[in-house]
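A, B, C, D, E and F label the chains in the order they appear, each numbered from 1.
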Amino acid sequence: MYYNDPKLQYPVRVDKPNPLFAKALQQAIGGIEGEIRVCMQYFFQAWGMRGPKKYRDMLLATATEELGHIEMLATAVALNLEDAPLSLQEEVSADPVGGAILNGMNMRHILSSGLAAMPVDASGVPFDMSHIYASGNGAADMLANVTAESTGRALAVRLYNMTDDPGMKDMLQFLIARDTMHQNQWMAAIEDMGGIAEALPIPNSHPQDEENREFSYAFLGFDKDGAQPVQGRWSSGTSFDGKGEFTSRPMQPLGEEPDLGLARPKSGAQSAQIGSGGGILNKIL
Amino acid sequence: MYYNDPKLQYPVRVDKPNPLFAKALQQAIGGIEGEIRVCMQYFFQAWGMRGPKKYRDMLLATATEELGHIEMLATAVALNLEDAPLSLQEEVSADPVGGAILNGMNMRHILSSGLAAMPVDASGVPFDMSHIYASGNGAADMLANVTAESTGRALAVRLYNMTDDPGMKDMLQFLIARDTMHQNQWMAAIEDMGGIAEALPIPNSHPQDEENREFSYAFLGFDKDGAQPVQGRWSSGTSFDGKGEFTSRPMQPLGEEPDLGLARPKSGAQSAQIGSGGGILNKIL
Amino acid sequence: MYYNDPKLQYPVRVDKPNPLFAKALQQAIGGIEGEIRVCMQYFFQAWGMRGPKKYRDMLLATATEELGHIEMLATAVALNLEDAPLSLQEEVSADPVGGAILNGMNMRHILSSGLAAMPVDASGVPFDMSHIYASGNGAADMLANVTAESTGRALAVRLYNMTDDPGMKDMLQFLIARDTMHQNQWMAAIEDMGGIAEALPIPNSHPQDEENREFSYAFLGFDKDGAQPVQGRWSSGTSFDGKGEFTSRPMQPLGEEPDLGLARPKSGAQSAQIGSGGGILNKIL
Amino acid sequence: MYYNDPKLQYPVRVDKPNPLFAKALQQAIGGIEGEIRVCMQYFFQAWGMRGPKKYRDMLLATATEELGHIEMLATAVALNLEDAPLSLQEEVSADPVGGAILNGMNMRHILSSGLAAMPVDASGVPFDMSHIYASGNGAADMLANVTAESTGRALAVRLYNMTDDPGMKDMLQFLIARDTMHQNQWMAAIEDMGGIAEALPIPNSHPQDEENREFSYAFLGFDKDGAQPVQGRWSSGTSFDGKGEFTSRPMQPLGEEPDLGLARPKSGAQSAQIGSGGGILNKIL
Amino acid sequence: MYYNDPKLQYPVRVDKPNPLFAKALQQAIGGIEGEIRVCMQYFFQAWGMRGPKKYRDMLLATATEELGHIEMLATAVALNLEDAPLSLQEEVSADPVGGAILNGMNMRHILSSGLAAMPVDASGVPFDMSHIYASGNGAADMLANVTAESTGRALAVRLYNMTDDPGMKDMLQFLIARDTMHQNQWMAAIEDMGGIAEALPIPNSHPQDEENREFSYAFLGFDKDGAQPVQGRWSSGTSFDGKGEFTSRPMQPLGEEPDLGLARPKSGAQSAQIGSGGGILNKIL
Amino acid sequence: MYYNDPKLQYPVRVDKPNPLFAKALQQAIGGIEGEIRVCMQYFFQAWGMRGPKKYRDMLLATATEELGHIEMLATAVALNLEDAPLSLQEEVSADPVGGAILNGMNMRHILSSGLAAMPVDASGVPFDMSHIYASGNGAADMLANVTAESTGRALAVRLYNMTDDPGMKDMLQFLIARDTMHQNQWMAAIEDMGGIAEALPIPNSHPQDEENREFSYAFLGFDKDGAQPVQGRWSSGTSFDGKGEFTSRPMQPLGEEPDLGLARPKSGAQSAQIGSGGGILNKIL
């Protein structure tokens, strides 16, 4: 169960409202790298977590935090839209800078939300919950979380570099710091579970003697001319999970050309595919 | 540029066609854990990669491999649909097992594809390219790839446990092994770049003195009663990236309650929000 | 800012796990009538609310409650999946009831989430945030909320009628009651703002003398034979908003047939559309 | 069955084509507040309506009208695109106003439709039929329709305020008036069915003694500090539906902390979640 | 402008309601091969058509017809849902046939629409208007229409083969016939514009001397071993458009390996990609 | 199975980077007319093809080619983003041209991809695999392919007309030529199968005596006043498929007004729809 405090987790101040930056900030709300994503991802992972209870608790804590980050960003978007132009009046169009603002902003900030945030990205595409990765496998989920916080921090850094508004920079410095923590936190959780090498191959509960071990640690090349694939840490030495030795080689097809045969009658295919169509099929085969 | 060989990378054999398993296999084609996703993700990462060339080469190699995996799975789906029922005829409905097959299969395998694979998941939802994570940050991308291969291997293992068809089990043993390799490969690539600890916080090119360091390594609790948050590897000791010390504490709001003021005239709000609506607003404020 | 308590708002108990009911319950999580929708809708309305502060407070309270409802339902889904079959083994297929369960359940509950809830509906379609209606107009938003709670309660009632599990019936009786309250609450909020009749036409801040008043209270018929349209409360008497008199009549076109002319050169049209294509266009015009 | 007349329902005239306004108008075609939505929503409600026939008739009439509104708006978009720039030629870029037009317009109006309307919103996102609310419950549907016409009229008003083109203003005055009527019409339909208070709680066919009446009229607070929730029309007095008395109070959790136990073997979880993974789980629990 | 007649274009009768067939019929409503698609596609093509007026008229006629087909199919779905089970009661589950019906049907037909049609496909995925192909090029649009009617008739034939309900078979015989006509109609329209060969290459208004004619009629092979590509009508002889001669050959890369260089500072990349990260990049390059 | 060569199929050169053209080029990558679509469409058609093997081979060849085209375009996007502005700094906003560039470009090229291509269209909407048309009917698929190449070439021509960058024009001349070939190729494939007239009505394996032949070649009018429909090649003469004679006439409804009766109890409808609601229903009926 959840509670709220009407205050914000961290101050949100906009010194000079900019509707273009409002559009950019939307990526941090409704983008795949944004806060709705991590908030809901951590909640669904927590609500479905089986195993040691402490991971559920940790996930709930940070999910709850992220909800407050959406709130901060939604506030920042609304404040950046304070003075946004509401019309295409000619005097505005004649002013290149003013015109460019209306042209460049997300028009739905005027038309749909009345100068407030929406759960969409910087292109106006709504967030889609298929991006909530919650696999039922704790290690896979933690990795998904490090990934989400990595693209999230890259996004926050790019927003930070884009603006020179002191209020916005201050808010982003806080959010960037939280992403630093959360990257560390999810990696620490993997350590807490025994470490990343031990976790691999995920799921580590599947017996590896039921996989085709000839291919479990082989880096395969698909160069047109059969050249040896590019070498690196991945092509020789002990595998990252410590359970095998990397090798590398060009790949050759081991299977045959598939043959699906003719189409069945009443399956909606053309006669030529079914074999009842007269001369065409016979001529061809 | 790309080339093809009509043969399959690995043999695909179905001993006893099962349209329900065809539906399940679709998750490995068009699901978010599936092969279209990794194929296209690695291609887009490669095509946009800036920095050392060898990562581009490695990404291209494995992207090219994954294209062949989609092909294998598409073949497996078509073969599992070989004898699928095409009608709801009464005798079939009366047969609980036969009826259940038609009821349970993806009807679009009959209606839309003519007994062949589609780029959809096990629920019939089409794959959506927003799941192609290619961030322009090499470490974030590699982590996204380990994540993708982790959920991919979990999926392959679940499919393996679901079927008892020897042909399908053989194919899945190969695919599970490849997922083992690819998890190791992307982690090895991070090692090759200097290691995961050094990579963090991603992006590591952003100077940490421009983040709010008070919050960079603090695990924050949001318990209703202000209790100390759950302890673990993430709450004390050196941070995973080696650049700080974990601390933990309950969080308090640092910001104020936001006040967006009244709505602007001509913004499409109600009069009561604008302040011109007569007594209501005055009564309330 | 937000807080959590690990306990549930109301007890969730499943007496006899049923993976088919788990699939049905998903509609109340990720369906357009479900709890993610109302939770996020109320949050975004609150975060963007301009005007009297008390509506923001009320929205925040109920949004926070709904987050706990998602949690309850996610728990219910996981508990209903407790004994779900993980394989298509022949003995199960031969058992019509067991087979039908596997056939009928959402296979992604096995393949993607490891027997836990997902943010998808009963067909497995992910929730999409475009359904978060937050218009910047308080009255429109309250109506959207009554609507959401109406379809929400209809859904909860249908789920209640579908199951005979005592634990699930108890939980649904609670959720149905909350939907009763929330329908009343949002209508009361409109009363609080002055009443529904005064709120109309939404937005009531737009001067009606800038609309074409000839058509503001006319019920128009489009019957092929020009018959008078069907009569009811909407075709005569004072309009619902008290600002006009209903009339009714068959409609005739007032505009002309549009003529977009020829296509422009270099616009990618066919020559015949541009006028340079030789005899065809001339022959026709 | 349906018929057409090539003439428009109301004249559509553009005095000064403006590709930016074409982009804005798209919201009224393919936006969630737009005409495709109401057209299809009323059709699907009509086609599925059970109960008194006159509601079906009324729905069909207005659905048919809305189809003509899409046509009007599509014509308006095409006319606004008449003189749109087709190239990024340098002289245009050097002209700040001209450049801003090309930059700001929906490029797909050039690239995909050849200067014509598309079923997308102002951000270029295609309309998605999940927004067709047709619940099988007449009162819920009527409320959904008032809501749709409310956001629809807010949108039309915002477009009206955005442009100063006399032709476009005239067309929008007509559409705004129709939205006024339709808001009144659907509310009148609810009156015709017995009134909004009697309709609640929707569905009113579900016996209220099968809901948990302790919570049916209670406004619950979720304030972190357990404060009394914000008071208003919703917190005391007779409920809007006249079937109860509003109360209010802070909420406490009534359920326990959920415990999903350990993950099942072969479910794709990590060993640490299953309990067979050795020391880790034991150490933790 | 549009009109309606409450009668159906063709009788719709269901002799034995079958909720599974209701689910299958949804593909013909909200599937990509279905009637919403052709209806809206023809309308948008008509509304944006530039050039000879008669094509607009023809498109409007058939678009209007298709609207009546959605109506017929929506009626057919509702009638097939007449006796659908509303509960998972134990006695039903114990009956394999009854259980299979509930398991197999679209649960949203109970939960969301109250036993009526929805604008979704047979998997429950909502129709998405991005499938409305209206390109501004008349010939491309006509081809898109033949394609739509081809997959549409394949779908109708598959539905016809799936059912043995006499009423449904009669309705489908009508719809199949209309698809026959519409395939012929759009091909005839291309003839009317001068013929398919003359129409190619679409758009035929683009001067072919501004394309790289070396590749305009060459069938290229991408066989791994450089083999000659598979021969057929497409590899030799006069091209279909009569404007060239088919040739064929294996393809070789004509471009170089792309080099995107290093990432820019402040672009959110890792240090190793930017060149400022110390030894790693230097070691690698 | 597939192979790669790191070189590009054709040179990609950008003489003057332009982030707005990068945005436009995205349509050719992730738009419905773009290269991901044809690439994946041909692959899925090939992988599911039943009937003569040579069509599979041809589809595989061209699918493989299209993969290389995505690569070319992704490279072109990245090169066009070389000098894109990364900030909203005031000096840039004050410069109308520079400001307009940042305003007009896809901000996600900065925020999400780090100056690289994404699988989205020119509006930033991600490509969705539902556009992969692979019907199991060879002729329908070939027509879908001609259609795809027609809108694809229209798009390439529009991009060609939009830019004056010599490198980009050269690349597009190549891609336009390939679209010319592919349009011819798929039409030639239909000829190879016996010709388009013989292929119709698709699927030609369905016996036409099982369709309602009264309507198989009739062009129907839906004019409000019962006028004869617009005449053309489609209204008289031998049908395109040579299997009938075109006729034309106004259409009249042949069915009755549908009556779905009352709603069932426990179906979630209002009492007024069920008949148990007291006087309302009786009063109305």
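FYI, a contact is a pair of C-beta atoms (placed from the backbone, for glycine too) under 8 Å apart; a residue touches a chain by one contact, two chains touch by 3 or more.
Molecules present, by chain and UniProt name: A, B, C, D, E, F = Catalase.
This structure is a prediction, so every number in the text was calculated from the model and none was measured.
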Shortest path length from chain A (Catalase) to chain E (Catalase) (each step joins two touching chains): 1
Intersection of the contact lists for chain D (Catalase) and chain E (Catalase): A, B, C, F
Chain pair repeating A-D, as identified from A-E, D-F or D-E when over half of the contact pairs by residue number coincide: D-F
Same-residue or different-residue interface between chain D (Catalase) and chain F (Catalase), half as cut-off: different
Which of B-D and B-F has more C-beta pairs touching across its chains: B-F
Computed distance of Cα centres, chain F (Catalase) from chain A (Catalase), in Å: 26
Whole-Å gap separating chain E (Catalase) and chain F (Catalase), where each centre is the average of the chain's CA atoms: 8
Where chain D (Catalase) touches two or more other chains at once, by residue number: 1-9, 32-33, 47-48, 50, 54, 57, 61, 64-65, 75, 78, 86, 96, 100, 103-104, 110, 112, 114-116, 120, 123-126, 128, 130, 135-137, 139, 151, 154-155, 157-158, 161, 202-203, 206, 222-224, 251, 253, 255, 258, 260, 263, 266-269
Touch-based graph of the chains, sorted into line, ring, star, complete or other: complete
Residue ranges of chain B (Catalase) touching chain A (Catalase) (in the complex, touch as defined): 3, 5-12, 32-33, 54, 57-58, 61-62, 64-65, 72, 75, 78-79, 86, 110, 114-116, 125, 128, 130-131, 133, 135-137, 139-140, 143-144, 146-147, 149-151, 153-154, 157, 160, 170, 173-174, 176-181, 183-185, 187-189, 191-192, 196, 200-203, 206, 208, 210-224, 229-234, 239-241, 244, 246, 251, 253-258, 260, 263-264, 266-269
Touching residues on chain D (Catalase), where the partner in the complex is chain F (Catalase): 1-5, 47-54, 86-90, 93-94, 96, 99-100, 102-104, 106-108, 110-112, 114, 120, 123-126, 135-139, 193-194, 199, 202-206
Of chain F (Catalase), residues touching chain B (Catalase) in the complex: 1-9, 30, 36, 40, 43-44, 47-48, 50, 56-57, 60-61, 63-65, 67-68, 70-71, 74-75, 78, 112-120, 126-130, 132, 134-137
Residue ranges of chain B (Catalase) touching chain C (Catalase) (in the complex, touch as defined): 18, 20-21, 23-24, 27, 31-33, 96-97, 100-101, 103-105, 121-125, 151, 154-155, 158-159, 161-164, 222-225, 251, 253, 255, 258-263, 265, 267-274, 276-277, 280-281, 284-285
Touch list for chain F (Catalase) against partner chain C (Catalase), complex: 154-155, 157-158, 161, 224, 266-268
